[in-house]
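First, the structure itself, so that you have it in front of you.
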Amino acid sequence: MQLVDAELQESRQILPGQWLQQYHAPALAAGARAGQFVHVRGDWSGLVLRRPFTINTADPVTGTISIHFREVGRGTAWLTRLRPGERIDMLGPLGQGFQVDPRSRHLLLVAGGLGIADVRLLVDEALRDGRQVVLLYGCRDASEVYPSSLLPDEVEYLVATDDGSVGHKGFVTDLVLEYEAWADQAFACGPLPMLRTLAGLVAGRKGRLGVATLGRKRGGGRPVPPGSPAARRRSFLQVAMEQNMGCAVGACLGCVIWGVDGPQRVCREGPVFAYDEIDWDATAGPGTHAQ
Amino acid sequence: MQLVDAELQESRQILPGQWLQQYHAPALAAGARAGQFVHVRGDWSGLVLRRPFTINTADPVTGTISIHFREVGRGTAWLTRLRPGERIDMLGPLGQGFQVDPRSRHLLLVAGGLGIADVRLLVDEALRDGRQVVLLYGCRDASEVYPSSLLPDEVEYLVATDDGSVGHKGFVTDLVLEYEAWADQAFACGPLPMLRTLAGLVAGRKGRLGVATLGRKRGGGRPVPPGSPAARRRSFLQVAMEQNMGCAVGACLGCVIWGVDGPQRVCREGPVFAYDEIDWDATAGPGTHAQ
Amino acid sequence: MDLGRGLRLRNPLLVASGTFGYGVEYADVVDIERLGAICCKGTTLRPRQGNRPPRVTETPAGMLNSIGLQNPGVDAVLERYAAQWAGWRVPVIVNVAGESIEDYVQVVRKLDLVPGIAGVELNISCPNVGKGGLQFAIDQDAAAAVTRAVRRATELPLIVKLSPNVADIRPIAVAIADAGADALSAINTLSGMALRRDRSGPFLGNTYGGLSGPAIKPVALRIVYEVAQVVGIPIIAIGGVTGLDDVLDFLAAGAVAVQVGTAIFADPTLPVRLVDELTAECGRRGLASYRPLVGTALPGRTGAASSRGVEYRP
Amino acid sequence: MDLGRGLRLRNPLLVASGTFGYGVEYADVVDIERLGAICCKGTTLRPRQGNRPPRVTETPAGMLNSIGLQNPGVDAVLERYAAQWAGWRVPVIVNVAGESIEDYVQVVRKLDLVPGIAGVELNISCPNVGKGGLQFAIDQDAAAAVTRAVRRATELPLIVKLSPNVADIRPIAVAIADAGADALSAINTLSGMALRRDRSGPFLGNTYGGLSGPAIKPVALRIVYEVAQVVGIPIIAIGGVTGLDDVLDFLAAGAVAVQVGTAIFADPTLPVRLVDELTAECGRRGLASYRPLVGTALPGRTGAASSRGVEYRP
């Protein structure tokens, strides 16, 4: 974790109201892992809190990272007005990223809306490590479909839209069934209802799904403490969660969600959790940025 | 009084930390009288109040007005960052301006520092009406001397500096003695101590000064209500006062100073008052913008 | 909307006492007839010069004022404005202040039956000389006593304005409602202060000032929400309204109307614009009136108000 | 600076409880050893899960929090951090909360004589189960009782933290000082709330939250100024500090030290930078210490504190 003075290099609207910004921030680019985030401080007079954004991509070679965000309020509106060459203060990389089992060959990524920002870097990391990636993406309609041009060619990319204007008509979770057997691990980010549905799918079909998972293959063995990297790797599904934040470093206890073992800090224990760490019934919140 | 969307045309720093900005605002330019002010609303998120500025110059022909201000805090700092073509909301013209007796030939203007902004338009009006103007200007040192290039040639312009680096060494009030006999009326704006000194001078020497004043010539006659235009015209000295403001239209009673007849609203009864309306002992405040 | 005893407002957007003078000051730039009502500057029995200047200063997302109830006294107010008010379509509510119950009663007696006076709003955040300078507003018995006395003195619609400077507003609100108020307004300013730039003393001539503006909205919202659960009379929300979102928040928290104060200084046209924006919002939602928006954030009848004091734990 | 019983701070810049965890969380980016002191997160006898999320949200120039005192309990706090704290040069003050006097006493007994604990700050803005849920902080007798009990239980330097949610802070402050507190800290948060975007209910899981940040500074300044005139013990100011001007204001109002809270979230390096800026400011003024800056805005000995309650008149 470092405080970094990041310089905006490029800023463009890639979808209506959705922005992709690239910053020069070598210290962040070098250390970032998929699923981690930065806590951004604008010079937004009157606003007292930073804003958290997932590290969308990170390139240690060029020393750049990108964030992908939707303009929803004053903070994000301010960001859209930032011009290349201007600098902002970023704290990061923060939180626990996705845990990929070294033996996993097949990764299933499920993203709803802006949730794509949370798994985007995982695509790069997985391909780099020679894994196969299926990315399922859900959104409202054709106007919101994440451009495939922003994804590496190697990814198998499937889209679901609420209105069927592109791809499957219905929820992105409908597409999961087809890949669950194929996948060694699944990683998801999106609106709470989507994550809850996924968690239900995985929990309900644990037996069948388990057949194909590495976790099951390793079987009963030694116990791993819940929430540990090992436990997360063994869980078939990891989800990136969201909560309003104060400090983003674990100090204020502002960002908790309810886990089965009590409150969990999204900024420290998360934002990525194994699906079975979460108390899905107790978990409600501002919703995620995903839709 | 109108709410006007004013477009910045030109903005320049005329002295260290002092800015002259010209706005296109025909409705204000047409109605403005010397000594009146505008209440300016920036898009300064977090700031809840407007900021008052004297109308420094007004040209009904081009439809422009100018303000001259010192950068002292967040509001004025924000103004300096405004770019030509951008628009801000101005409420004005507000308050009572200087009252020049139609018979006055010789006007003595006394300005300390930024107080020049309050009498600047009076210079133009007086010359237009064929009067003679002496402008006495006081400031700390050479670096702060108001550029004579910004004044019409017809004005007799004398400078006093605290350190004597330009003009008279000492207070601008020292220079007044030389012109008091010549002047028909005097008009002043500047720091409170300067105004208090002037008021003392005028009060103490009322007898002698009076000889030359029109007010005295008109003598005992019918009574005029204090604070009325007529009463102010009869007073040898008029001063432009300052106070923190809320509404600037007389509604909140936030901007009062203490007058001999009780509280006076700077935004309505003022900002220009006859010197003898003010209770100089009770009057303290944030100081004026003048120095 | 009926605030009681026939005080009917055509819309729920009012202007707050002390920020809109006597309604005449902003008339050049505001179509005041379109307002729901105007609460005039605090009026006392005798003229008051108010506090020493300076009286206002800006603070983060807010301002402090210490006007000190400067006003020409009730007789002069009536003489200067009542006839004019009587000709307006917009109701004028006279904000009344005093230092003793007798003060309040006398002022209200003078207002009673005068054409042009649509109602009374009692500002009880005043030191009560009878109680050693303690404010009426912080003592439930004193608040009830002044309300009861005024209630007896007039048939005018009676609004009592709550102060936020208390540990628990609920018993006070209940006492005032029980004493016969037709409506409550909340909140008055928070007690605060600022220093001179050279830090040689307080900035305001009166040392202390009242904090208003967006900064206090979370406090105002909390108080409206608390009070709405314990009284049956209408609540008029005040505190930091700067846009439609704030209006909708206060309605959802249980207010039937909203006053705009400090924000007027930055944007005098705001209250009237909010009238239009609220209408448009109702249209968008297919509502014939804004009433369904009232109280949506309140707990259901079952999960009633707590009586355990301020439950907040940091 | 001596806050009593040998609690000596090398500088008057502290970090406020709940905003700096246990001092370890920001250690990557802050040289914590340079701080005057660290007030750790509120600690209770037994572990607490805290309030339901969401727990924080932004408001104009401020934020609301409703953490609900989540902490692992005093035993776990000591086990996890005490040894580490004992190795630090920066004193750690343990912020203590409870629901009964017995709670407070038991926690403090456990802290007593533990190496690494430099002092205790009592957070008394907690519902007092013995008093039907009323906060200790709003009742002068309860505040005095808990202070007295804790005082008897420990020789640790004892700071008691004042709540702003009261009509008149002065009698409470006096009662706490008389009961044996070594110092006072002020203020805790103001009680406030926010709504969900769809206005179907309160935004915070706990309904109410504590308002902090620049928005509350005028209130904090007023309380420090009031308290400084009625007690003889040191005051530590808290509330909306974001820069040197705020520090200087609080010192001038009578505080001998200042805590930075909410502003840390935006700028973790602020407290340490303020240490340097304050030193530089003293240098500019030719002062060997900042002590001459304390109390410059207070009235002279003659014009002593008013005891007439909150004198503010709007």
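So that you can tell them apart, the chains are marked A, B, C and D in the order they are listed, and the count of residues begins at 1 in each.
By definition in this document, a residue touches a chain if its C-beta (ideal position, glycine included) is under 8 Å from a C-beta of that chain, and two chains touch if they have at least 3 such contacts.
Everything quoted here is computed from the prediction, not taken from an experiment.
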Check your understanding: To get from chain C to chain D along touching chains, fewest steps?
Key -> 1
Exercise for review: Give the chains in contact with both chain A and chain C, ordered by label.
Suggested key: B, D
Check your understanding: For chain C, which other chain has the most distant CA centre?
Key -> A
Point to revise | Rounded Å distance between chain A and chain D, as computed from the means of their C-alpha atoms | key: 37
Review point. Roughly how many whole angstrom separate the Cα centroids of chain B and chain D?
Key: 47
Review point. Once you find the CA centre of chain A and the CA centre of chain B, what distance in Å lies between them?
Key: 60
Review point. Touching two or more other chains, which residues of chain D qualify?
Key: 18, 60-62, 65, 67, 213-214
**Study point:** Touching two or more other chains - residues of chain B
**Key:** 46
Check your understanding: Is the way these chains touch best called a line, a ring, a star, complete, or other?
Key -> ring
Practice item. Return all touching chain pairs. Key: A-B, A-D, B-C, C-D
Review point. For chain D, which residues count as touching chain C in their complex?
Key: 18, 42, 51, 59-62, 64-69, 97, 123, 125-127, 132-135, 138, 165-168, 188-196, 199-202, 206-211, 213-219, 221-222, 225, 240, 248-249, 252-253, 293, 296-297, 299, 306, 308-314
Check your understanding: So in the complex, which bits of chain A are touching chain D?
Key -> 1-3, 41, 46-50, 89, 91, 243-258, 262-263, 282-286
Practice item. Give every residue of chain C touching chain B within the complex, in rising order. Key: 18-22, 25-26, 28-29, 41, 49-50, 52-58, 60-63, 65, 67, 70, 197, 203, 213-214, 262-269
Review point. Considering the complex alone, what residue numbers of chain A touch chain B?
Key: 44-46, 74
